[in-house]
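For clarity, chains are labelled A, B, C and D in written order, and residue numbers in each chain start from 1.
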Amino acid sequence: MTDKKPKSVFKQGAISSEFIGESIAKHQTKTSIGAHNIFLGQVRADVIDGKAVAAIEYTAYEDMANQKFSEIREATFDKFELTCMHIYHSLGIVKAGEICLFVFVSSPRRKVVFEALEYIVEEIKAHVPVFGKEIFEDDSHQWKVNN
Amino acid sequence: MTDKKPKSVFKQGAISSEFIGESIAKHQTKTSIGAHNIFLGQVRADVIDGKAVAAIEYTAYEDMANQKFSEIREATFDKFELTCMHIYHSLGIVKAGEICLFVFVSSPRRKVVFEALEYIVEEIKAHVPVFGKEIFEDDSHQWKVNN
Amino acid sequence: MRITIKYFGLIAEVTQCEEETIQFSGHLISEVLEILHSKYTELKNKNFQVAQNQELVFLETRVTGQELALLPPFAGG
Amino acid sequence: MRITIKYFGLIAEVTQCEEETIQFSGHLISEVLEILHSKYTELKNKNFQVAQNQELVFLETRVTGQELALLPPFAGG
């Protein structure tokens, strides 16, 4: 019961908690699953030089990014025995406290979901051309860099 | 902004996807958080000798279990720099496809949530006196054992 | 002394009860188990741990008179 | 040949445009960058990678005439 068809990864704006709840609900008919693991990236209100980040505006080289997401998907299914895998990333404005990345993996057994989830998140951070403009409360900005 | 007060860990019946969604929503005011990691245990419809598991009935030595959950909580906050941590476990009947364990950790940065979540789940599996009666479609049963 | 013993899961299936109080004049956990093994012969074939005062104990641990529990393999999560 | 170049994030701030087409008569990525560095002098101080046909390439890679992109550090997730 793998689920390898390409998905639309990008969503305009923040990813809502309702959307995440509904994604979980959709997996309750898949009764071979014993373990889910979910990573959520949330925009932090970091304070830099006395100014707090109010939002991040995400842009992407979308064609290349979708290609990379697809490669990460294939590589993950090859490496780990997963039942399902879903990735969603925001584009546009995501306010501090809102969710910009949702990665969801499911498997019959737990060990594999921990390894697979961390692998996917690190691959996304390293290889997907997404750019983040950290917008401060006074409308000034700086460009975010993954570490 | 640690959150160390004891919580009621056990919930009667399955843990709903709406409850999980609402838990996520409650963390969107905590703008120091950059990463959440969620583990969900789901009851599998394993087929054993031709019969599928229809549900698991969970019981626990509740006083000792709550004591162990509390010790795991303390140890986790000591080992990992977490902003929040929540654990919920079902008691009573949980049908195949429904969720029986919900562990939720949050931190400013991602590395720590992966390590902390796996640590917590393994500690729960190993040290918390919870017992599972796997009930088959024909009402026969066997006792589940963690591996 | 009187001690309360709790049974869980498949152990409670063997004992047919979830809790009982017994009169005990020995010292060690192993001696309590001898009493229980003769009362419930099927217990010998079962895998379980013993908790006293909500902590796992050994056969050689002294009985303090507090609550004991016979715990089959854990299955949480 | 004519090649299309896309700019993203802080690179697009320097170039003040997100995409342009230039006339190019050389062979290597490094030669394209020489043209861009002279057009946008501030580029020299910026950190970026170059993608051709949606794959990262090196300075010595041959230009195939397809789409190029200048990518500042990634910040996904």
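Following the convention adopted for this analysis, a contact is a pair of C-beta atoms (placed from the backbone, for glycine too) under 8 Å apart; a residue touches a chain by one contact, two chains touch by 3 or more.
Note that the structure is predicted; figures quoted are calculated from it, not measured.
Common neighbours of chain B and chain D, listed by label, are A. Taking the mean Cα position of each chain as its centre, D sits at the greatest distance from chain B.
With centres taken as mean Cα positions, chain D sits 27 Å from chain A. Distance between chain C and chain D, defined via averaged C-alpha coordinates, is recorded as 73 Å. Inter-chain centre distance (chain A to chain C, centres taken as mean C-alpha positions): 49 Å. Of all residues in chain B, those that touch two or more other chains are 41, 110, 121.
Within chain D, contacts with two or more other chains are made by residues 77. Residues of chain B touching chain C in their complex: 41, 56, 58-61, 63-65, 67, 89, 100-101, 121, 124-133, 143-146. For chain D in complex with chain A, the residues that touch the partner chain are 6, 8-10, 51, 54-55, 69, 71-77. Touching chain B in their complex are the following residues of chain A: 17-18, 20-22, 24-25, 27-45, 96-99, 106, 108, 110, 113-114, 117-118, 121.
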